[in-house]
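Letters are used for the chains, namely A, B, C and D, taken in the order the chains are written, and counting of residues starts over at 1 for each.
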Amino acid sequence: MNTTSSRQNSMTPGSPQKQTPASSLPSGSYFKRIVSGFISLLRGMGLTVTYLTDPRTVVTQQYPENRATLLMTPRFRACLTMVRDETGAHCCTACGLCEKACPNGTISVLTMKDLSGRKMLGKYVYRLLQCTFCNLCVETCPFGAIVMGQNYELAAYDRDALVLTLHSEEDEPHA
Amino acid sequence: MELPAGFTYRPIQNGATDEYFLNMGPQHPSTHGVLRLVLRLDGENIIEIVPHLGYVHRGIEKMGENQTYLQNIHLTDRLDYLSAYSNNLALCLAIEEALEIGVPERGEYLRVMICELQRIQSHLLWWGVLGMDMGAVTSFLYGFKEREPITDIFEELCGARLTMNFFRPGGSAFDAPETFLPRVREVISSIRKAVDEFHTLLTHNVIFQERTKGIGVLSREKALAYGCSGAVLRGSGVDYDVRKNQPYSLYDQFDFSVPTGTTGDCFDRYLVRLEEMLQATNILEQAVRRFPGGPHRSKVKAQYKLPAGSYWSQVESARGLFGVYVVADGSAKPYRIKYRSPSFSNLQVLSELVIGHKIADLVAIIATLDLVIPDIDR
Amino acid sequence: MGKVGIITRGVPKLIDPLPGGRHLIDGIEFIVSWARANSLWPLVYGTACCAMEMMSTGGSRHDWARFGVEVARATPRQADLIVLAGTIVEKMSRPLVTLYQQMPGPKYVIAMGSCAISGGPFIYDSYSVVKGGGRLIPVDVYIPGCPPRPEALLYGIMQLQKIIRTEGRRNPWQVKEPYQVPVADSFSAARTAWAVAELQPLRSPSVQAIKPTRLVRPEYPEVSRQAVKNQGLSGQAILSLIQKTFPAVRPVGPDGLLTDALAAPDSPADLLVPTGSYCDLVNFLKNEPALGMDFLQWITAVDWPDRFDVVSRFLSTSKGHAVVVRTAVDRDEMVLPSLTPLFPAASWHEREVYDLFGIRFTGHPDLRRLFLDDDFPGHPLRKDFRDESRVMARPY
Amino acid sequence: MSVFPDKVLYPPNNPIGDLVRTLVPAPFSDVLNGGLAIFSLLALASLTPVVLIWLERKVAAHFQARLGPMRVGWHGTLQPVADGIKLMFKEILKPEGADTFLFFLAPILPATASFLVLTVLPFDHHLQVTDLNAGVLFVIAASGLSIFGVLLAGWSSNNKYSLLGGIRAGAQMISFEISLALLMLLIVLLSGTASLRGIVLAQQGTILDWWIFKFPLFGLVAFILFLISSTAELNRGPFDIVEAESELTGGFTTEYSGISFAMFFFAEFVNMFVAAALATTLFLGGFLAPQMGWGMLDRLLDAVPGFVWFFAKTYGVIFIYMWFRWTFPRLRVDQLMVFEWKVLLPMHLFLLAVAGFFITMEWIPL
């Protein structure tokens, strides 16, 4: 298909078939221009005053007050979290795919071996301070062991507090 | 007196003139980020201007050489963050071209719709910021007010508001949620209403017209010679739009027109962008009507390895012709990746536009060029 | 700071011993810190993506005016708060420190987004990004996110207000030190530290590797690619037109090697031009009516082991066809004639190539570095660019 | 013995002034009255900006579909207080190379100027510090002072942006001063007196006797022109080229911090109040009730104290100023000059000529 032929008549300011703003330009004599310019200003003032007088136009969400009702969308991407079942068990096999998928070294999967010599997760370090929430780690994980969390209130006073340990075998309660 | 770097005119004659140099930026409210301009002024009139770039040059092209193609998609978000989807798409198109990956119809529709939504969103922001630069602060807030519902759609779609990392070779990371179409319909009607309001508030406003008409006139020849694209080129009367001239995705199946200006002044560029928003709603309306079912992406590969060669793809982002030039060496990472940024060339023409104008006009001209500095600096 | 110190520290010392003086000073301090917390005027400062979210926070939906923050000042003299919104690169670091110094105390800094906290996505391989704004100026609150949602920024501002409210005699505001821990590759450091720890025996024999089930991924079909139609002249037609005048021009095949003919008649024209006829060819492309290449899209360079390729792409906006022109530049000479007389657009592109690759363009009117500081050592986009002090190599 | 030979502070029938005069012997009563006057005006001058800043931010917010300050006090009422206290306790910086004396003198002048104008404003029938018979002249002279502050601030800051702002301010404010003076002259011509109280009293009668409505269109045009000129004189949007943030970062206040910036900031709002009060006095019947000519209603309206009417009208005009600012884009510096010298000034002269003609033909009863 020849695209140039499918092109419709292009908009040119002042063209008669389309009501363009240019057609309402103040033109003509000195006085006519002053009057039409003045009317254009009044119309603008009319618009703003409708916003002022109509309280329904206020779109502000009052954040800390609406915290309870403020829900993020299901796909919302914030702080990475590890999926855990009701017993607190995760399903990370320490394959390290997420680590490699991460574009900027946010994740460190530190492995150890169990008694039978199989690789398992020792520590899962997540550097929130350099995470871009790009979701590549979650997309890569073959087991669905990690998800992007919904918690967006992540501000901290200390830079080091933003290095999170999502899992550490040392902290796990073991029988 | 020695001239600062970049100035080429005759040197200042001692005592002959009242010329002086004024440094604007890198932190200045109307340079839209960290652009630095050095002005040579005679009173308030600009004699010469030298832009200084690199205040947010992050070396994305170098970084891209060490990241896989998938990871590179997430870096493109950060070039022109107001057209993150278009940037994603450009890189995906290059990968698809290299690997012969096709996209299912639903995926293509999703691409077109999202890119158009993003164009509207970017233009809304531009309109607001333009108004603020001209002193009408209220327009800034009206622009952002209309922008929020679109951001909501994005957030619902991919979980992020600005840096999406959404498109993948062969489609997109997620399918459209159920609420997608109704929300797009809402946005279409609200944008059409908003554009009317914009006309009332700024376009018809006599002060605004006085400030923009005949200011920063960019001739057709100059626009082409400087490689301008997007609304800057079209404002000068060249009807070049990648969506029409080299259609990608499904743009050849949509009915829309490419608005062009006649004089190439700030007001024309302004009108072109407003009209583009309406055209984008037209595209969206058609897409909503025909939005197909089926899969949203084609077969996923674990690793994208491009065969050796060089690939080029280009899209029409909100600011103009955005392109990706990938030189692949057969590995999972590009050998060289080059982004063609529209704002880069659009800014270059600034030094031609502002000569003889006043400082206030400079602000209007920069605003109508619609620059995104990280896109220029990369 | 001297005169202010006399009033803020000297006067309380005088009043304190008076009966009830302590309470008076405490009351004043309470009011002052309350005022400071509720009147944070931010500096208009944004470098990249986070600035958009900062503007959204100022927008009607989120409206940071509710916190009294909407009085964004363009001049640092009247600002209380810098929100580091976006990446900070080396060239920007000096202006940023100057801005901070120009602000009157007490002043606060919020690092918004991962770039400002740690360099974020640009932490590895980038030769110019400062690894966190906190290294330049002291940061009070860090807000992770890329970019953080407006609510996250508002939460950060609330956290900042919380610490400002505790300010007073016992916890006076003072100019803090920037973050001074040297830049380190925390990824490798965690590895190394763990390698030492791993040697310790397991505490409990009950720990066992888990065997989770794989996620069922949806299967997507393979879709055949629809060929993109080329506009205007085909690659073959362009090639033959050019070869009539410039017989030495040869097409580059998809593998990057020279071939005799294009792979297919309508595959894109990608031509290697001898350096000698580079300018002439571009002139021909521009002025030959059948070609009419009026639009220079970009010029860049590719660093091959044996040479540099300077690549440029020309487009005909009226006809729609395009051509990629490359010419090899010798590693020893690194000189090429400039295209600026033909296309003004080439000016900045050539400056960029000069900046990042070091290729000089003769006849360029203003060949200066475009992005980097004049004293930046080396040309970073060359493959042999090494700079340990700037670049943190990707450890994986 | 009085400070002014033929006028007294708190003129006769002012309840406060009369009370003081009955209690205290003559020379001291004047001193006490003067002290009271200064105190009450200071209270007004410091309260007005607090109210106006809050109002401006709330009105702006609602123009912009948002809420504005919400979290400090009820609906952010304490927001300006917090701002003020914060600014008072900020570090004061003086740029290197700035002229120290002028740099710190400059912020005081605009505040002084607006304060001086307050002294002649008739807030109510007898609530006026002094009723100068050349009140209008005094207003013009005193408000001219504030230009010096802006000019000095621009020059002494040793900053090119400040200097540009100062130069713009000089050109703009001096030009629009002429317009304002001409309009005041027009009212003086119509009223037959230059005393502000006299001008108000000249508008006695129904609402149609106010100068704005007295002659069809004529007064209204004059009022609108007054609004425009005074907006420009106040450096408010759309004429805020002096501190055009997107062009000159902060204009003449670029280098001011802490309390010295607060002086400019507060003076700006007092100035706005003064300008609105002048508009009220000159055109809207000042403290007079808007009588409709219906007996019952008029008596009801008259029962409301005059200063309530005065403040209500003043705040109405202030709202219009805000409305302008939050609707329009800013003019360019040369357009502003063209607007003043080629549009406003000819119109003012025309109005003046028409009024003069009417009066000489005795078509307007004086």
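Just so we're on the same page, a residue touches a chain if its C-beta (ideal position, glycine included) is under 8 Å from a C-beta of that chain, and two chains touch if they have at least 3 such contacts.
Note that the structure is a prediction, hence the values are computed from the model and not measured.
Traced through touching neighbours, the fewest hops from chain A to chain B number 1.
Ranked by distance of CA centroids from chain C, the top chain is D. Among the chain pairings, B-C comes first (most C-beta pairs in contact).
The mean-CA centres of chain B and chain C are about 17 angstrom from one another, to the nearest whole unit. If you average the Cα atoms of chain A and of chain C, the two centres end up 19 Å apart.
Each chain gets a centre from the mean of its Cα atoms; for chain B and chain D, those two points are 45 Å apart. Inter-chain centre distance (chain C to chain D, centres taken as mean C-alpha positions): 49 Å.
Listed for chain D are residues 63-67, 70, 245-246, 249, 326-328, each touching two or more other chains. Contact of a single residue of chain C with at least two other chains is seen at positions 44, 59-61, 63, 66, 74, 121-122, 124, 146, 149, 231, 320, 394. Within chain B, the positions touching two or more other chains are listed as 28-29, 67, 74-75, 77, 138, 141-142, 145, 148, 163, 201-202, 205, 207, 245. Taken pairwise by the contact criterion, the protein chains are fully connected, each one touching every other.
Contact residues of chain A toward chain D in the complex are 34, 41, 44-45, 47-49, 51-52, 57-60, 62. The part of chain D that touches chain A in the complex is made up of residues 59, 62-67, 70, 323-324, 326-328, 343. On the side of chain D, the complex with chain C involves touching residues 57, 61, 64-72, 76, 78-79, 81-87, 89-93, 245-246, 249-250, 253-258, 261. Across the complex, chain A is touched by residues 67, 70-71, 74-75, 77, 138, 145, 148, 155-160, 163, 165, 173-174, 177, 197, 199-207, 209, 213, 239, 244-245, 247, 252, 255-262, 267-268, 271-272, 275 of chain B.
Interface residues of chain D facing chain B in the complex, by the touch rule stated above, are 60, 63-66, 160-161, 164, 237-238, 240-241, 244-249, 326-335.
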